Amino acid sequence: MRRTLFDRKIGKGITRPPGNLEIYSDAGFRAFSIFCAWSIILLILFILWMIGKQAVPAMEKYGFGFLTGTTWDVNKQQFAVLPEIWGTLYSSILALIGGGTLGIAIAIFLTENFIHDRLAQAFRITVELLAAIPSVVYGLWGIYVLIPLLRPVAHWLHEHFSWIPFFQTELSGPGLAPAAVVLAVMILPTVAAISVDAFRQIPAKVKEATYGMGTTRAEAIFKVLLPTASSGLLAALVLGFGRALGETMALAMLIGNSNQISLSWFSPANTLASLMASSFPEAGGIEVQALMFAALVLLLITFLVNLGGLYIQQVTMRKFEGVK
Amino acid sequence: MLPRSQEPDTSTSETVIDCRVDKIHYGDFLAVRDSVIPIEKNKITGFIGPSGCGKSTVLRCLNRMNDLIHSFRFEGQVLYHDQDIYAKDVDPVVVRRYIGMVFQQPNPFSMSIYDNVAFGLRLNRFKGDLDKKVEKALKRAALWNEVKDKLKASGLSLSGGQQQRLCIARAIAPEPDVLLMDEPCSALDPIATRQIEELMLELKNRYTVAIVTHNMQQAMRVADKTAFFSVDISQGGRTGYLVEMGNTDQVFENPQETLTKEYISGEFS
Amino acid sequence: MKDLKTPKQLRKEGWKELNLKREPFEIRSLSNTTFTGVTWTLALLAAVPLFSIIFMLLKNGGARLFGPEFFSVLTELPPAGFEMGGGIGPAIVGTLVMVAIASTIAIPMGILTAVSIKMLGSDSKLARAAHFTAKVLTGFPSILAGVFVYAVLVISFGYSALAGGVALAVLMLPTIIIATEEALGQVPKRMTDAAFGMGCTRTQVMWKIILPTALPGIMTGVMLAVAGAAGESAPLLFTALFSNYYLSQMNEPTASLSVLIYNFSGMPFDNQIELAWTASLVLVIIVLIFNIFARVISRKKT
């Protein structure tokens, strides 16, 4: 790069070409940037490698059966996580149904002129506060408020509707239902925030055209706005689902840590994250490796789901780029 | 129409920037073709023409600002003191130290008024009295009286017209060899416009100025030389090109090209 | 004028009168009203847990905190099984220390990485890969951060507050990177154009103009990340473990508010459970303080 155009001073002014310090710091910082950007990529690879390295002995020993077996027994050295995979997915799906609906409802509530702007702002703060509360506090609340509240309801449902597989058992304490409810509350801010963005992306012209035809608010929302924002809402749901999958503490405290597979909402269950939370401190040797294997499984599931959600978001953005 | 305060300078002087455009592309779009625009030392060169004729594009080529646009491709030469600034190994940063720019939309930095004006001075390692230089620049930009008591206030807290004058002060403080101005007065009221025009006339004594303007009267008032651009739609696209260039008097009173005659008489704009 | 029909005649022919009024019992109107009601209900439903939690925090946690025991609760050591009294002192210190360690690591690293991604530009494959990696890592399950640090540090060096801090840093890092990138991107292009126009190198534009202008936005993101880290407990379970005493060295296990809440919540002793609520209240207050800081900073920039 030619850094000086001339070998004499040009013009009468104060300006001069960049000095050596400026040139070298520019080149130096650009090199440093490359190094820094690589660091985050190396970090994720390092994480995968560290966990994978520990998991390999367990992977060799248990193979695919790890994913299909149902016992986790330290003494017998038998480890398998199917109940945990089931629990993780089932609790997250239930949470998604509840939290997703609430999240989208809130997004509609906030963006479609249901309340005055000031109130909407206050409501938005409420939702953000929900997101700020730590997981353990949700767990604590779940144990001492939610479970006592749900017990009589569960009992009533079990009494009268036990033929429905969801209500097969009694809620004796921790179980799927309280865990799913708390999880729903925890993911609804995520779903709401992304959904609000999805609704805001709809160009104003679309809304004008819709209302201009004389639709009621409900008709406008169901017939036009929801379909238009659908891919953004889908991304919100998928990312909320991803968040639910990764949740640990509240679930560890509320799900019951019992390795069984059941459709009943009131039976205790276990998730990959809670399994790790409860078993790790006391674990040694092969159990640690089996837990690392479980960690890999959880990593893979969350990674795939988050990937899917991000991809859908990308596609949505591109869809609207043309309209603008 | 306001009278000129100075007679236009019709003497010939050294060409500071010799801009020879073969083709300017944005991606596949041919924006400007075949134009040779010599910018003479210590003169004000005005670029006029209808919208979309490429005058801003050409102006921005003179200090390699268009490099910031990804799809931009320049074919031709821009000789600054006989050095081609588009040569392969030239660093645009160097070019921009010599050739400064005032943009169409005001764009002060998010710092105090003082720091905005001092920015160029500090960047170029000025070791003298900063306060004096800042004051001088603000006075020339017709802003000193309005901000002298609030130099620490943020540049963004000023009104639009004041922000533009701040940007002008910022650009002239480090005294660049050439000053490019892209419709600098479009956001200003008539009084401020008049003051900036006086500034340009004062600046040209030491420096060189090139200005893009939509306002023909402004060109008539300040420019020594005028370059008239227009749009060529014959090939299906909208490609700008230089129609006519010469001393301002001659271009406005005795234009050589029909197109120039039509534009000046207001038949299109 | 004779040709005009009377309204009666028109009605006989089947013409209806123009009615611009809202008919509340027409099916369209009815379903709209129902929908409005349902949406309101759902929205309010979502607010219920928040108010319930706040209520419980103040009632159960506040009982211990806002009373004569204020000072002792905040400074004493956690009680053992059948003991009465005691406090959450070590836990508060532990949380603050580990958040500080995490911040020292994650904040500079995160900001520099985001700056680097922006410097490389959006057509750099490396920049896009790094951005994507950061986005994916924001969804990283918190317990896996603990598992990772366990594998890296704990196996070789044992449980420590340092390990806990590193685990929290791993969780903070992606959030800080993404938030900083956002803030850097918000700097108006015309401002960077002006900087380039004055003859700044890319590094100078970044450090003299973009970073200072984006600083409020960056600080907001950082505060939110810190708030999140303070509340985390899963990554601390097997890195910092727990301790009943005040922290004296970085390389030993330490208590933390979140782990204390977890441990005490399952215990059958009323004293412990009360302390769990108190610790929750203190933790939520700390998190809220950071959140409010973040909001104040973001409002100041406009």
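To keep things simple, chains are lettered A, B and C as they appear, and every chain counts its residues starting from 1.
Operating definition for what follows: a residue touches a chain if its C-beta (ideal position, glycine included) is under 8 Å from a C-beta of that chain, and two chains touch if they have at least 3 such contacts.
Keep in mind that what you see is a predicted model, and the values were worked out from it rather than measured.
The most distant chain from chain A is B, comparing centres defined as mean Cα coordinates. Here the two chains linked by the largest count of contacting C-beta pairs are A-C. Centroid to centroid, with C-alpha atoms defining each point, chain B and chain C lie 49 Å apart. Remark: chain A and chain B have CA centroids separated by 52 Å (rounded to whole angstrom).
Inter-chain spacing, taken between the CA centroids of chain A and chain C, is 13 Å. Listed for chain C are residues 199, 201, 204, each touching two or more other chains. Residues of chain B in contact with two or more other chains: 93-95, 97, 100, 120, 174. Counting only residues that touch two or more partner chains, chain A has 15, 18. Taken in their complex, chain C has these residues touching chain A: 28-29, 31-32, 34-36, 38-40, 42-43, 45-47, 49-50, 52-53, 56-57, 60, 109, 112-113, 115-117, 119-120, 126-127, 129-130, 132-137, 139-144, 146-148, 150-152, 170, 173, 177, 199, 201-204, 206, 227-228, 230-234, 237-238, 241, 258, 261-262, 265-266, 273, 276-277, 280, 283-284, 287-288, 291. For chain A in complex with chain B, the residues that touch the partner chain are 1-6, 10-19.
The part of chain B that touches chain A in the complex is made up of residues 80-81, 83, 85, 87, 89-91, 93-95, 97-98, 100, 120-121, 124-126, 133, 173-178, 206-207.
Interface residues of chain C facing chain B in the complex, by the touch rule stated above, are 123, 188, 190-191, 193-201, 204, 208-209, 212-213. Within the complex formed with chain C, the residues of chain B that make contact are 63, 65, 68, 70, 93-97, 100-101, 103, 105, 107-111, 119-120, 123, 167, 170-171, 174.
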